[in-house]
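Following this line, the structures themselves.
You will see two complexes here that share chain A, one where it goes with chain B and one where it goes with chain C.
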Partner chain A sequence: MDQILGNLGLLFEFPVVNLKIIIDGVMIGALFALAAYGLALVWGVMNVKNLAQGDFVIAGGYIAWWLTGLGVYPLLGVPLAFVLMWGLGWIIYKLVIARVIERDLFTSLLATFGIAIMMAQLLNLLFGSDTQSVNLGFETLFFFDGFVDVPIAKLIGVCMAAVLATCVIVFMKYSRMGQAIRATAQDARAARVLGIDTEKVYAFTFSLNAAICGAAGAIIVMVWVIQPFYGITYAIRAFVIVTAAGLGNLPGVIAAGLGIGALEQYGSHIFGIGYQQAIAVLLLLLVLVFRMIQQRRSRQVLK
Partner chain B sequence: MLNTRTKLGILGALAGSLLFTGQSQAADCEPLVLGSAISLTGKYATNGVHAQNGYEFAIQKLDEAGGVKIGDKCYNFKVTYYDDESKGDRGATLAERLISQDKVQYMLGPYSSGLTKAIAPVTEKYKIPMVEAEGASRSLFNKGYKYLFAVLSTSEQYLASAVTLAAEMAEKEGKTASDVKIAIAVENDPFSLDIRAGVLEDAEKYGMQVVIDEKLPRDLSDMSAILTKVKLLKPDVLVVSGHSKGAATAVRQIGEMKISVPMVAITHCEAADVTGNFGEFANDILCSTQWAETLTYEDELFGTAANYETEFKAAYPEYAEKTVPYQVAQASAAVYVFADAFQRAGTLDKEAVRQAIAETELSTFYGDIKFSEAGNNIAKPMVLRQIQDGKYNVVAPSAFASHELNWPRK
Partner chain C sequence: MTIAKPVFYLLLVAFIIAAPLLFPNFGTQLATLWLMIIVALTWDMTGGQMGYNSLGNIFFYGTGMYVCAVIGIGIAYPIAEYTNAAGGGIYKFTDTQYFLGAILGIIGAGFFCSLCALIIGYFTFSLRGPYFAIGTLGVAIAAGELVSNWDWVGGGQGIALPVYPYDLDQGKLFFYYLFAVTGVVLFLFLKWMYKTRFGAAINAIRDDEEKAEAMGIHTLRYKLTTWSISAFFVGVAGGISAYQLIHFEPLETAYQTINLGIFMVVCVLLGGKGTLWGPIVGAILFQIFKEVTWNYLLGWQWVALGALIVVTVVYFQDGLMGWLKTTKPEWFGIRVEESSDGGAKA
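And now, the complex of A and B:
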């Protein structure tokens, strides 16, 4: 308790720390938002809740790390991970997801849970269970007497995330495939009647999701560290964010991603870093309770 | 046709027997089976494999030296391994299986304190002697186990010497030891909590102030929240323990955020390969280790610590590029303890072997080994090394130190 009060005191004693916490939170939140956006896509279009989301992220990270080891310039790892994970996503779709997509919720949950376990273990066998990271060797920028630090690597990572998110948004809005995806999300049967090959749309969506996650992972490996069993961290955040923002609400996903990043940083500053994950889960709980109350109101209207 | 074949057969047999007599007597020894549940997959896989390699290397050395002489017979150790997937319940099940189905009478330990904690009650129940090399938690040694022996130093000693070192430095500066402020960030697992307890105990002894005392989450990838507090509160010592991910995260972010604490002490530097991954960020960081190849220990089987390292690298080329982790060395030491105890006991009777292990007084390449009543090794100190220009140099305890401490760290 004393420690919590002490930590709160620090926030007031050194107001600039608030800025630092928010900047850190927004930077990590941007990457959460990417993974969450992919999840919202798959969830919304195919009604598959992909529990392997985090493992896609980690796999992308390992691809980038492995390529760097082969002598590829680290920043190129991001597009390459995007492409390779696209391929992997397509294979997984054809092998597993295509078979469970018409089944009930639990079948697809179980299937993606299985994929998550398989991927974590495969990564472990391929790359070992050590934590890995890619060091770009860039400088760190300091502001406010060194209290606020922004490593250039992180800044580049966030910018890449922003560029990727923008590209995806533009693509969804204006391209033919993007329109087909949105149409399928709204009503798959009607889309099929109107001549959209939904099977193709599903495969495309799932691959796109894997690719987005892969790129996010490639950024994460440059900024933080990865380990084969870290996937769950990103999966949990992605679920919290999508639940909070709702499906098909893109600005909401981004806002929720940045928000959860910042709130987690505040929480870990005040209560201790050990409670970081607990704070994410607590937020999920609050969101669910809030949604339930909201829905009760709308049900009353329906009566 | 048949004739030629017979001739060839005879020739082959002759050549074979020549080869065998040429090699050594080891081939005539009977196998003696030890059991081990070890983490070959899951989160401890890297270190689990280190331990397995250490066991196998020692067994190979024993074979080459003519096997283990027990009474007037000779034996070659052979280990039955099962993969515990880094999970405690799995480890306990596998120990049961080794003992009741495979009829294993002697056990080598698993990797990590958690797994050892899960397996020890089983070996205890069946009265199977277990020599373990990878479980350092002190909670293993206050349960009254009679069949559990550990060759390594217990975990509360891991970073406690850093506190002593900080006190020495403060006094050199003309300050008192009680002026020293300490920041602690450890993972919430038995091993790291012991480290914390050891540091707190010593800090209290010197009257030092603990300004940060936080637990790291299990899936840690960002500790900037703690490091920001370090910037604000300016401690003199920062202690971090969170296995290899803790080491990697700490070194990376301390470097990125330019945290300047006079002394930073962490565990698992080698496992995280902080020098290889983060280059100069790792400079002047103190790393605790059970063992270092530069120490002046030696024995008959492995020679000096340095010799152990050379021979191990020759046998396992995948280690050629890095420092041999202490997890390997202590696993070899555990096998050595078994060999020594068997030879002194002169029988395969497990009670006699247990007694012989308990009476062990051995100087090895890994350090002296002598077990307390509780089964932990009380003869070997922990070593602190400092990363100086990318090299691990021993700086404490002073009796074995090969280099001066760089202090304060910039």
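And now, the complex of A and C:
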């Protein structure tokens, strides 16, 4: 208890610490937001809740790490991971997801859970269970007498995430395929009647989601570390963000992503790093309870 | 036919009693099989019969383990002192303390988990469909993370319980029969319950909750009762496991969300959701699959398990009993009449 109060006091005594926490949180949150956006896309368009989201992220990270080991320039790993994960997403869609779209909601949850277990284990068997990262070799910038440190690699990562998000937004808004995806999300049957090949839209959406996650993972491997079983961390965050922001609300997803990144950093600063995972999950429960209270209908009975 | 049923049940009971004596090398595996049967049957109460797919039933297993350990140790020594010493040899338990602690702990675990189910259910049962699954999964993960930071119960190191005071082989039998009795009681209870008005009501909730409510069924009350009964048995199973395993820690053993927490769902889906025998058959099939892959596919066992989940869910969702029901309906007492145009109707 004393420790918690001490940590709280530190925040007021040195306001600069707040700045550092917020900067860190926003950087992490930007990557959470990418994974969450992919989830919102798949959830909204085809009503599939993808629990393997985090493992797509980790798989993208391992692709980038593996390519760097082969001598590819690290930053090129991001677009390459995007392309390769697109292919993997397409294969998974054709093998599994295409058969669960029409089924009840729990089915997709369990099926993607099976995929998540398989992917994590395969990555473990292929690359070992050590944590891995790619060192870009850039320097770290210091502000406020060294209180706030911003590694250039993290800055580049956040910029790449922003560029990717912008590209996806523009694509969804103006391209023909983007319009088809949004139409299918609104009413799949009407879209089919109007001549949209929804099957193709579904395959495209799921592949796009995997690709976004893959690129996010490639950025993460340059900025932090990855490990085959870290996937669940990103999956939980993605679910928290999407539940909080709602489907098809892109600015909401980004804002919630940044917010959760910052909240989590505050939480782990105040309560200690051991509680970080617990804080994310408790946030999910809080969001669920809050949403439930918001939507509670009044039950009326005759007496 | 009338004579076949009692004979079948008699043989079954005889087999249950004799199994650990016939296969003494598989004592632990047989006890684990009973654990799987218990958790699968309890999962099916909410998942199969009531239509609420929980991914967080493992919460009751972990909580049962901890409550049982706290009671079992607490009747002899202060908990904080005991966990600080990490279960060192200084603490001796007499036979009475051991058995009294175990029995009180197991029963206490059951009742505490029932209470937890009422409280958690009050908040989560207004969640529908996948949100209920995600919400309950969240409860289980959060509980595991919080307990692993709670030093009073040993933190991430876990808790060590006293060892069975007599011969260890006898101990294996003791835990086997504890599990078996719990499993048989649960089975008989469910066999009776699914035939009563209560069983019909929870089936109505599964089929159409809005209509059930319109018919005057107080749905929340039924949902809470069902979940707390199922939590009672999971808590008891957790308590027995705690004493059987002797030492356990929070994330991998107690709140093992991605192991047992998912296994129970897979068992039920393999055997057939919403049937009485389905979870049992599924648990047996799953346990065999697990033992075979863990022994012969070491390293690839999790990949095989993931593949089993995907294949079961995607291609074989009705499970074995569901498949039998459509191909051999007469086995289930469903009369199929040939209608005049040649098609069959039930």
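Assume the second predicted complex is superposed on the first by the 296 of 303 C-alpha atoms of A that agree within 3 Å, B and C clash if a C-alpha of one lies under 4 Å from a C-alpha of the other, contacts with A are read in each partner's own complex, and residues count from 1 in each chain.
The definition used in the following text is that a contact is a pair of C-beta atoms (placed from the backbone, for glycine too) under 8 Å apart; a residue touches a chain by one contact, two chains touch by 3 or more.
A quick note: this is a predicted structure, and the numbers were derived from the prediction, not measured.
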item: Partner chain(s) touched by A:Q277 [first = chain B, second = chain C, both, neither]; value: both
item: First, second, both or neither for A:L125, with chain B first and chain C second; value: both
item: Touched partner set for A:R103, first chain B, second chain C, both or neither; value: second
item: A:T140 touches, of chain B and chain C: first, second, both or neither?; value: first
item: Contact residues common to both interfaces of chain A (with chain B and with chain C); value: 121, 125, 232, 272, 274-275, 277
item: Footprint of chain B on chain A - complex, ascending; value: 3, 7, 10, 13-14, 17, 20-21, 24, 28, 121, 124-125, 128-133, 135, 137, 140, 142, 146-147, 149, 151, 153, 220, 224-227, 229-230, 232-233, 265, 268-269, 272-277
item: Sites on chain A touched by chain C in the complex; value: 49, 96, 99-100, 103-111, 113-122, 125, 232, 236, 239, 243, 272, 274-275, 277-278, 281-282, 284-285, 288-289, 292, 296
item: Complex interface listing, chain B residues touching chain A; value: 41-46, 185, 188, 213-217, 219-226, 228-229, 231-233, 244-245, 248-249, 252, 256-258, 271-273, 277-279
item: Residue ranges of chain C touching chain A (in the complex, touch as defined); value: 53, 55, 123-124, 126-127, 129-131, 133-135, 138-139, 141-142, 145-146, 148-149, 258, 262, 265, 269, 299-300, 302-303, 305-310, 313-315, 317
